[in-house]
Amino acid sequence: QTVGPAGEAATPSAVVALTDADLAALKDKGYKAALLWHTSSDFVNAVTAGAKDEFARAGVEVVVTTDAGFDAARQRSDIETALAAKPNVILALPLDPVTSAEAFRQAVTDGTKLVFLSNVPSGYKHGTDYAAIVTDDLFQMGKQAADALAKSIGGKGKVGWIFHDATYYVTNQRDNAFKTTIEKDYPDIKIVAQQGITDPARAEELASAMLLQNPDLDGIYVTWAEPADGVLAALRAAGNTKTKIVTLDLAEPVGLDMVKGGAVVALVADKAYELGRAMAAAGLKSLLGQDAPAFVVAPALTVTKANVADGWKESLNRDAPQSILDALK
Amino acid sequence: MPQSSNGVAPAAVTPFARLSRRINFQQYVVYLGFLAIFLFFALVLKDSGFLTVRNLTNIMLQTAPATIMAIGLVFVLSAGEIDLSFGSTVAVAALAAAVAMETYGIAAGIVIGLGCGLLIGLINGLLVAYVRLPSFLVTLATMGLFAGVARSLTDLRSIPVTNSTFTGFFGSGSILGIPSLVWWTVLAVAIGHIIYRETRFGAHVLATGDNSRAASVSGISVARIRVAVMMISGGVAALAGLLYAGRLQAAKYTLGESDLMTVIAAVIVGGTLLNGGKGSVIGALVGSLMMGMLNNGLILMGLSVSDQMIVRGLIILAAVAVSLREKAR
Amino acid sequence: MTMTPSEPVLSLKGIRKTFDAITAIENFSLDVHPGEIVALVGDNGAGKSTLIKIISGVYAPTAGSVAIEGQTVSMANATMARAHGIEVVYQDLALADQQPVYMNMFLGREPVNRFGLLDRRRMIAETEKLVTDLDVRIPSAHSTIRDLSGGQRQGVAIARATHWASKLILLDEPTAALGVAETAKVETIVQSLKTRDIGVLIISHSLDQVFKLADRICVLRRGKQIGVRKTSETDKNEIVSMITGLH
Amino acid sequence: MPQSSNGVAPAAVTPFARLSRRINFQQYVVYLGFLAIFLFFALVLKDSGFLTVRNLTNIMLQTAPATIMAIGLVFVLSAGEIDLSFGSTVAVAALAAAVAMETYGIAAGIVIGLGCGLLIGLINGLLVAYVRLPSFLVTLATMGLFAGVARSLTDLRSIPVTNSTFTGFFGSGSILGIPSLVWWTVLAVAIGHIIYRETRFGAHVLATGDNSRAASVSGISVARIRVAVMMISGGVAALAGLLYAGRLQAAKYTLGESDLMTVIAAVIVGGTLLNGGKGSVIGALVGSLMMGMLNNGLILMGLSVSDQMIVRGLIILAAVAVSLREKAR
Amino acid sequence: MTMTPSEPVLSLKGIRKTFDAITAIENFSLDVHPGEIVALVGDNGAGKSTLIKIISGVYAPTAGSVAIEGQTVSMANATMARAHGIEVVYQDLALADQQPVYMNMFLGREPVNRFGLLDRRRMIAETEKLVTDLDVRIPSAHSTIRDLSGGQRQGVAIARATHWASKLILLDEPTAALGVAETAKVETIVQSLKTRDIGVLIISHSLDQVFKLADRICVLRRGKQIGVRKTSETDKNEIVSMITGLH
């Protein structure tokens, strides 16, 4: 069971919702919001979209959006810069608990309502320092990926594990959950090869080497969808039609491969749009002086060929790409 | 009148000298580093699959896009300029091709992809040659600019490339049993080498980089040469983008992002001067293969990412020390 | 020494050139006729090289006009001089240092074979011939310019210019780095340009050379045109006093 | 003898010329770009907090480490070399200082941090000056090597820096009401400027980069100059690492990683030549402030991240076009 | 013209230098005494500049030894020549092109004030004086070398070398780019070095100059030392035939 940093129980994200009265109370106050992300990606875009839509309902303008490029120093600068625009709410993903502790201090001092995605600066207190943490269920994502891969290979065999070899809370949690699940729940599955990756562009190289040394792999876990494109290329180059792949995040090329019955057997995703919406709602509640729940969780989704259309909608709040819908027909 | 009918004095030149001038040993010293690394891995990794045909082919395939970008950079550096933007060009071209192909088919995709590259090269070239701005800053600016364009073009999403003619031709197919990426590499290197070494244009590029005033008083339009080399760089980067797209059967804004340093290193290791006037297309190929071999070998050694970085640094230093020591006079 | 009555191949009118605050040349006018050798002399920094660069289009004049065969040219860039049949030996030689001798000899007009590829064999053969004609010994047509001696480099630049000139040749201290025999040979070659009806503008600090070669002598002092004399009607003393400003 | 008692000829020089020579307008054109950008943002963002004291101070604080790295790079480029490894040095120094401080206290932390930087600089310098390898390749190799070291030094963990004397001194404190980072910037720029412009060492650096043979026949030990500039670069990068550590109250292996291009751009925009022989420390400061201001202003404009990249590219081009156009003669 | 009986300031024994396949100098030996002017003459590419560079430590000789004041030196690098009181005017001048004249004049020995900071004022004042003494007109001590005329640059290199030389000065075609008056002045200065007991080795293609200045003349042809003559015991014809190899 996923719990918050201080052991708080998880509140389902759907519970965090603004009433019409809330919305009315927020309108025309001239509130402003800032979105201080760690990076840019399709995932971040979906979170942003969820947040922006929710903010728009309350008449709150998003005045600043930043991308720290996984650079802790840059994130600190972004926060300072954003504060010059005097936002009332900040939604952010702290790069890591240690480096972001000092970085967000000024925002706390300025009285800005902080809603964090996924993790929290160390030593921060709910209520006084920040309004809420909203997270995808990172453990569940890793676990469901393990379950999906295990299922596709019949609960036994050899798998490879390609993990994100960098300190990033989100991927680290998910990667480790996959590994733990395989080790604990699937005694007949062995992780026989593991490789860290930092640059998705090198995934093909890495997977090729892995397949060269372990031609009989039954499955490969890839830390997220972009490097999975490279792993697929490596499988094609090796003429391998046996090895199954699971990865995280929804993306069109891997989705298409899955729908066409390729190597990809499942994509585990979070409800990115919902995360954004819930973050905005939590921040706004806090602005109204209401208590936002300390620890809000949006569930993980296992997307397979069977539920791909719904999965896309649920995760990213948009229709699955036409190519995938076409391939389903 | 003195006894001076012999303008070219063979007297002072020994027979060995004549031979050595013709073979020009110095020029081949660059390849010693390559050989040293190859032998190192062949010994250390003899049981880990390094020397298998498949692995060596993999190295060729994986380095194909970088090699092709490197050829463009040989022209750019030889002309005394630099291009930092080719990585962004890769992404723009791949994305534009992928998007265009979806609607208008393969021919449109190829034309538009390559067209984007040439256009970016043209913009860089005009700013460098006619507005007389330093190419470092111009291409630093356009690198960011077109990376931004690549991002907003597709909202940070990955685009699948499904046209099998295209993916066969540019990525995973083979012709006469030889993978198409190998064909592309051989073709690009051969054409690049001939243009560089055997045409007036190549001679003019070298003269421009060596002494632009001398070139210009010799009737060479150095401005046009500068535009041309930037366009070559843009064009081959676009081709590399198509190869990536074909190989990965997908295009994303991150393509090419991490190639900058590898490609520059490959070119310089291959004996091209950073300051112009001297270079080698074949050297760039060897440099690129060397970088690819290094990455491949280090992965096969089973090192962690951190250790790979450390060992790669050490090996590059050693390889450079055998080959590129400045000739003491 | 008869003055050719024909149209001048080069005609300079009221040339003026300033670099930021420095006036390098003020109000300079001169005609050079086909087959005529005009010497340009003057103290160091007088503006001689600057004038050559204006004629060849390296610099644009601040004021004044340059006409080739009666046509006013605005050579905005240095590439056009060649198109007008003008060849130049610059004081700094303008050679591409890292390229071989034969490439420099043919820079900008490399011969190609029927496949459009460089005809190196021909370039090398012709280079050996040109250099031999000039009496400047060079290790090989393959030698890199950077490895040549000062005189060898100058020899390459002279061989290039004299070979290609068709209308006008501008020589900026062409024998400054040459040995005794080599200088004599170059002087012979310069005289032979006359017979090819080529106009010659030569800068030299050697009055012996100037009096040996030139039909007319033009003196510059600190950017000012002091005067032009027919060689047959002047002597070294007059020219020296014009150069130095002492009477 | 001619009338030539005046070796320096005032005759040809107008009074205005004398003045203009003394002021040397050309040298200040570099700052026009800065001014243009400042005015642009001051107008466009007048209601968005750009012109507030706090925001302008923020820009100063945020750019402090980059400015200090830039000073080192001015020396390196002026000497005709390049350093790509200073980003990795930042991380190594910050981590080493943080780790050492935990156990041995602040003095040990500072000494070890700076020592690491000087050591890396020494290694680079020896390879460049005595083994005669091209600095581009040497520092490309050591960049990777020491990035690997930084990663493995602490197993990718972030290390908190809790010593408040240290964090006050290097990061968040102020002296006489002026933030310590501003003091560091002023100090580093002043000392750097004086060494660069007013000492024999500075003159020798310029001569080495301008014409190393001329320098060496003038009795200047160009090898020692090369070692020295690489050590300066390493030393100031280490100082920048301490500033980051002080400012974030933590150290992480990613520190400095993304500064490479920004810092090189700042230095070149500031009028330092990539090929040596000419540069300006004050220019580097202005260049660095310009880059910082650009990031700050674009964020405050509320642009999306992709649009920020596009607009940044356009503005850099424009700024460079007003200031760095090569002087036509 | 008496030969100083003192110990030679420079003594070359069996110097040989090859570049890859090219033999630039074979078996060259020569002594230069304090206050003696020795001229080194020879055709282009004879090896004269190479010899100068060996003496000053730019190149290491392939074989042979260089002794300064009787002590064999192995000047592995060019920085040491100065420490031995040797100054050189190189054929390519060895100036830092983008630096101002005064910085070049003091390169490697810049004066500093008591705070250890460059004493620019002094450098500029002394530069103006040195250049004035030399008669080469230069726009300003602040001028960048790149903006100077060929002769002005050479003037800077000569002023620098003659000012600082204490034991031996090597001059590689020092007046090649100079005007008539400027050349005369440099010749006067070279002669005055004698009175400072400085040894002079001068390369020149001007036999007039060589006969005017030198105590002895050494001839090189294609890397071979043809002979050394006292100026008082030879004439131009002999030297020319030694240079050209024709009798």
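To keep things simple, chains are lettered A, B, C, D and E as they appear, and every chain counts its residues starting from 1.
Just so it is clear, a residue touches a chain if its C-beta (ideal position, glycine included) is under 8 Å from a C-beta of that chain, and two chains touch if they have at least 3 such contacts.
Since this is a predicted model, take the numbers as computed values, not measurements.
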Which neighbours do chain B and chain E have in common? C, D
Report back the single chain whose CA centre is most distant from the CA centre of chain B. E
Averaging over Cα atoms per chain, report the distance between chain A and chain C in Å. 72
Cα centre of chain A to Cα centre of chain D, whole Å, reads 36
The distance between the C-alpha centres of chain C and chain E, rounded to whole Å, is 28
Provide the C-alpha centroid distance between chain B and chain C, rounded to the nearest whole angstrom. 41
Chain D, residues touching no fewer than two other chains: 1-2, 4, 9, 12-13, 21, 156, 304-306
Name the residues of chain E that each touch 2 or more other chains. 19, 22, 43, 136-139, 181, 222, 243-244
Residues of chain A engaged with two or more neighbouring chains: 40, 165
If you look only at chain D, which of its residues touch chain B in the complex? 84, 127, 131-134, 136-138, 140-149, 151-152, 156, 261, 264-265, 268-269, 274-275, 304-314, 316-317, 320-321, 324-326, 328
In the complex, the residues of chain E that touch chain D are 56, 58, 77-79, 81-83, 88, 90, 94-99, 103-104, 107-110, 112, 116-118, 128-142, 181, 184-185
Please name which positions on chain E make contact with chain C in the complex. 19, 22, 42-46, 48-50, 91-92, 136-139, 147-152, 155, 173, 176-183, 205, 207, 222, 240, 243-244
List of chain D residues in touch with chain A within their complex: 48-50, 52, 54-55, 58, 61-62, 65, 156-160, 172, 244, 247-250, 252-255, 257-258, 295-296, 299-300, 302-306
Name, in rising order, each residue of chain A that touches chain D in their complex. 37, 40, 62-67, 69-74, 76-78, 80-82, 84-86, 96-99, 101-103, 122, 165-167
